[in-house]
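Should a chain be cited, it is by its letter among A, B, C and D, assigned in written order, with residues numbered from 1 in that chain.
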Amino acid sequence: MSGNTFGQIFRLTTFGESHGVGLGGVVDGCPPGIPLDESIIQSELDRRRPGQGGLASTTRNEPDQVKILSGVFEGKTTGTPIGFFVENTNQRSHDYSKIKDVFRPGHADFTYNAKYGFRDYRGGGRSSGRETVSRVAGGAIAQELLRLEGISIYAYTVEFGGIKAEVKDIEGAQDRSYFSPDPDIVETWDERVIKVRDDEDTLGGVVEVRATGLPAGLGEPVFGKFDARIAAAFMSVGAVKGVEIGSGMGAARSLGSENNDPIGPDGFLSNNAGGILGGISSGQDVVARAYVKPIASILQEQQTITATGEPTFIMVGGRHDISAIPRINPVLKAMMALTIADLLLLDRRLGVRD
Amino acid sequence: MSGNTFGQIFRLTTFGESHGVGLGGVVDGCPPGIPLDESIIQSELDRRRPGQGGLASTTRNEPDQVKILSGVFEGKTTGTPIGFFVENTNQRSHDYSKIKDVFRPGHADFTYNAKYGFRDYRGGGRSSGRETVSRVAGGAIAQELLRLEGISIYAYTVEFGGIKAEVKDIEGAQDRSYFSPDPDIVETWDERVIKVRDDEDTLGGVVEVRATGLPAGLGEPVFGKFDARIAAAFMSVGAVKGVEIGSGMGAARSLGSENNDPIGPDGFLSNNAGGILGGISSGQDVVARAYVKPIASILQEQQTITATGEPTFIMVGGRHDISAIPRINPVLKAMMALTIADLLLLDRRLGVRD
Amino acid sequence: MSGNTFGQIFRLTTFGESHGVGLGGVVDGCPPGIPLDESIIQSELDRRRPGQGGLASTTRNEPDQVKILSGVFEGKTTGTPIGFFVENTNQRSHDYSKIKDVFRPGHADFTYNAKYGFRDYRGGGRSSGRETVSRVAGGAIAQELLRLEGISIYAYTVEFGGIKAEVKDIEGAQDRSYFSPDPDIVETWDERVIKVRDDEDTLGGVVEVRATGLPAGLGEPVFGKFDARIAAAFMSVGAVKGVEIGSGMGAARSLGSENNDPIGPDGFLSNNAGGILGGISSGQDVVARAYVKPIASILQEQQTITATGEPTFIMVGGRHDISAIPRINPVLKAMMALTIADLLLLDRRLGVRD
Amino acid sequence: MSGNTFGQIFRLTTFGESHGVGLGGVVDGCPPGIPLDESIIQSELDRRRPGQGGLASTTRNEPDQVKILSGVFEGKTTGTPIGFFVENTNQRSHDYSKIKDVFRPGHADFTYNAKYGFRDYRGGGRSSGRETVSRVAGGAIAQELLRLEGISIYAYTVEFGGIKAEVKDIEGAQDRSYFSPDPDIVETWDERVIKVRDDEDTLGGVVEVRATGLPAGLGEPVFGKFDARIAAAFMSVGAVKGVEIGSGMGAARSLGSENNDPIGPDGFLSNNAGGILGGISSGQDVVARAYVKPIASILQEQQTITATGEPTFIMVGGRHDISAIPRINPVLKAMMALTIADLLLLDRRLGVRD
């Protein structure tokens, strides 16, 4: 596919640029009869807004009001495609001359130019983080489907700026600064942010996503493995540079006797597999982590070249987040929801579960 | 898709079980006029055979002779689907009663049962590592296409049993034990194997795959990002539990000022991005790593349950590799080749490069 | 796929209901640099409006103003998805109680209920002819791409209400009543309409679509044949019950010696094949015809049942067209354009033509 | 897709050339637990062999023995891909010099050359009618799935050489010459064959395919309509130049009052719709017809050109069928079965039926 559609049966197609008319999408393949209205999608969109970001996010105000354009009738999905749109209301007219013909290090300016011959240089166009608005909206619809199946998804920050958090409380994390699962780490992280902001630099971190209530049997063998689908889903989010499932990287350094999960009469006795064996869900929680690079836009001079290859220096101005965390959390949650919704419907063809 | 097809334009569909008639596949979408014969595919298949495994692999003899069934005429591809098949010649009649009704920890026995209601229990059937024979054969065809485009792919072991290797010589690694890029580490790794074998345990490791000679511009935006495709490709290989691109996990702990790659008149001054920006190739080497868990089959008693839920202990017998490394190296190389071939052809539609 | 996406590389995904907020779509995979603005799409949309319908269409006013939501920057496509939307401005509040719980003969009421359990009964929802607004808009974008390749597409009515037209002038047909290729038949067709309207009945007809300027080599072998793609494209349009290519039905009654197209030094000497041999374009005009059933909504009492299975009679009121012709012409033209755009880009992967 | 895969969930991928090693395919997405062995596939393959062809087919002996390569264990499908292969045993060494560099009128020689730059000229390679062996084998597997759902499919010849048959007995037609539904027409058709053979010419005809026992609700709206899928399936078969559903072409010449199917308490009172309304099955029989052109290979001199464009005459020698009928009947039956199997599984996602 041409890159802007995710999923095979429960499918999200997205469009829109950061500084164009707005961002939208189409969810095709959603079963009929699922309760849905704009407020449900809106509540997920609000999660990716600044404010919950503790000190790490700008306080720029982005209302991001979603409008459902089709596929819902009398408060329920009809089984036809659900179109939605979020208008861009916040483009201050802006001077782009500085970045119009210069490639910002760490950004996609260079590669978009290489691929398409030219680019919408206003705020990164399609490569902007704002593209994730459509993912979160689509993911919110997927989560309504999953809710009916008793499946819940949590995203929380397990490491920020090199400082790990303990996973103490994932329910509470959903409304805590940085989506932190550890109330006691928030202040330390705040201090880290203040220090880095003074240094005019940016931070990365690690987000863990957990799905609970899954049936065993989801995922397709070989190329369509559940974990392969998660890896693609997470790595498709800008700034994510690594993905691991269960014990992940640690598994590579452990012994088979340590990493295998023994099975007792009441189920598995550990979950190094992250809830997936042979690419298929085991019924345990599915646990995956995304490694997020620091924001590329820093308030420092950086060496680069112009579109014509002239050496130059650029100082990317404007108000920017210190980190993609925590605003990336609801995005990763959405990607997990979209992945599971698709595998769930795909699995029904086997007529085993229904 | 139903899980056994990889790629959108350059497509590999595979079939076959470890203890069935054999393993095969169909490559559809390969351009015409590419020189191809069985010896080219065979040489890649031979790479995944024991022997090159240093001490880590069994010396079980698997000829794995490939036969091309279609799509090649007078020594060149015709543009029609290329069917191939590798007969299973090595199934010693075997007593499966021990695993028939018992779930082996770390294996897909439990989940395949959950999904399909029953399974081909002979040596894991479709979830066996032997499934990768079809991937390597298909990847060999992809590599012929890439060769004509000046693209080369290398896979080498950068960490084994917790012991890192220095990347000194990746050309030589292709014919060195463990596909090691460091001649001086081989002996240490051998000693590790001997120790672990005595302990009746197994090892994991980390494989790096590098693609050179890529044009800038490959990869699709948003969901079809080059790195997302690599993540899916690698994570679809059994035993892989983590994937990273470029500085990967490290990026999550670095500062923006450290992680950005400055651009000089002669190109990028570093490659933390791993050759991919915004999901699109920059023209630098594409560098990705797969984290491989230890082999699940260990010569120790493990707690588990029977198909009917009765608690029991199992001791998985038979001759098994100590590690999926190094035999997984040509498999990961093949997955990278298949990914690039597909993106390369997909990109041509833009008519920019041609 | 879930049914609302057309094409593999040049892809149109549509959404919207006849009496919802509006109708829209997303074109993904369109190459960058193609001149595009709303007026180009609007001019195609205007073709499916009443007025050009001679007497066969209602004079109901549907402005159908299209708005481009993304993918165009400084007057050219960027290579990113092109979102568009057409608001429904014309839903008079309407009494649907009569059709809410009754299945209209010839309509999809019964089958939508069977599939989805319930339906958006307002004017047919997704099964309404208004769905084609999105097709025409998407097709207009495809036609811009084809124009740059020197490919033109014409749709014209070759038979209406059982009365055939001679194909005298297909250029002029584009602006003639009924898109008639024969100026001398228009009056006869008008008389047919008046008679049938007096009888409170409706009419069908046959539309021919011709593509000129095609390169030889388009179309994929076996399942992806050019003619198979056209057949799916045309038959996916409501009211189309038959499709033929070239000599079509006539071929089934001819002899091989009559139906084969001899080849002379300057090319084929006839075109019974309709420009397609073995599923691949020959470079001749591609010629296909769609057979269109009469409009199902008639001003007569018809026997049917209620949603609960009670026998009843229904008299479908409201102002309705006498025939899907000629408003279906630009829709079929759009479907041909979308089909060719997709095959054209798909073919580039072979790197033969570029 | 690259053209050699059919279906989205129940997917058939085929490969092989008429004069290569053989023909095969992979069925991916077939549910587990369906009884299957080689004899079931073989019995369908035997239907497309000469003999049943009355006088219209050659008596050339083609054993076409199928071998299942994977996906079946202990007599049942496992849910993993089903690979199969049919060896070509019948290539008499043959002199191709006459057709190697000359384009046969009515054949795909010219277009394959245009697309791929060169071709496997031996007997048409991939464009040969022998390609349908893989379709029939795949369709046989689909029919096993449908049988469990109570769905049956019949293909029978309703017109041959311009002479219509009455549809008297479709059960008997399956074992009657020409798959004729009318015992009394066989002799007339035999006479037509003798006459045409004397004239060294060939014939076409019309095949009707009927599916019974379908649930209401199959088919996707808009682009994925049931009838659109049938049209693509049938038109993808070589020699088919037209497809119609239900009253088809006739609908275009009828009035709405004639063509609508009234609904009574016990169901529809007629079936002009051919069992499909709005692209979705109504529960009535699905009825479609394929219009088949005469065989292109005739024993007469025909004007053509060489690969270098020189004018010449060709006389295609060898033993050839007089008509694609009746050997095309089991192929069309297979395509209908593959289409329904895919829609049936696709529909399950809605969780309405299961």
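In this text, a residue touches a chain if its C-beta (ideal position, glycine included) is under 8 Å from a C-beta of that chain, and two chains touch if they have at least 3 such contacts.
Everything numeric in this text was worked out from a predicted model, so none of it was measured.
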_Chain located farthest away, centre of chain A as origin (C-alpha)_ = D
_Winner on C-beta contact pairs when A-C is weighed against B-C_ = A-C
_Whole-Å gap separating chain C and chain D, where each centre is the average of the chain's CA atoms_ = 26
*Please work out the Cα centroid separation of chain B and chain C, and write it as a whole number of Å.*
46
*asked:* Rounded to a whole Å, what is the gap between the Cα centroids of chain A and chain C?
replied: 39
*Give me the residues of chain C that touch two or more other chains.*
1-5, 8-10, 14, 29, 32, 79-80, 115-117, 126, 221, 346, 350, 352
*State the interface residues of chain B toward chain A in the complex, per the touch definition above.*
1-6, 8, 14, 103, 105-108, 110-112, 114-117, 126-127, 131, 159, 161-162, 196, 199, 201-206, 215-225, 227-236, 238, 241-249, 251-257, 259-265, 269, 273-274, 276-283, 291-298, 300, 302-305, 309-311, 346-347, 350, 352
*Which of the residues in chain B end up touching chain D in this complex?*
1-5, 8-11, 13-17, 20-24, 26, 28-29, 32-33, 67-71, 73, 76, 78-83, 85, 115-120, 125-126
*Note which residues of chain B are touching chain C in the complex, please.*
8-10, 29, 31-32, 79-80, 221, 345-346, 348-352, 354
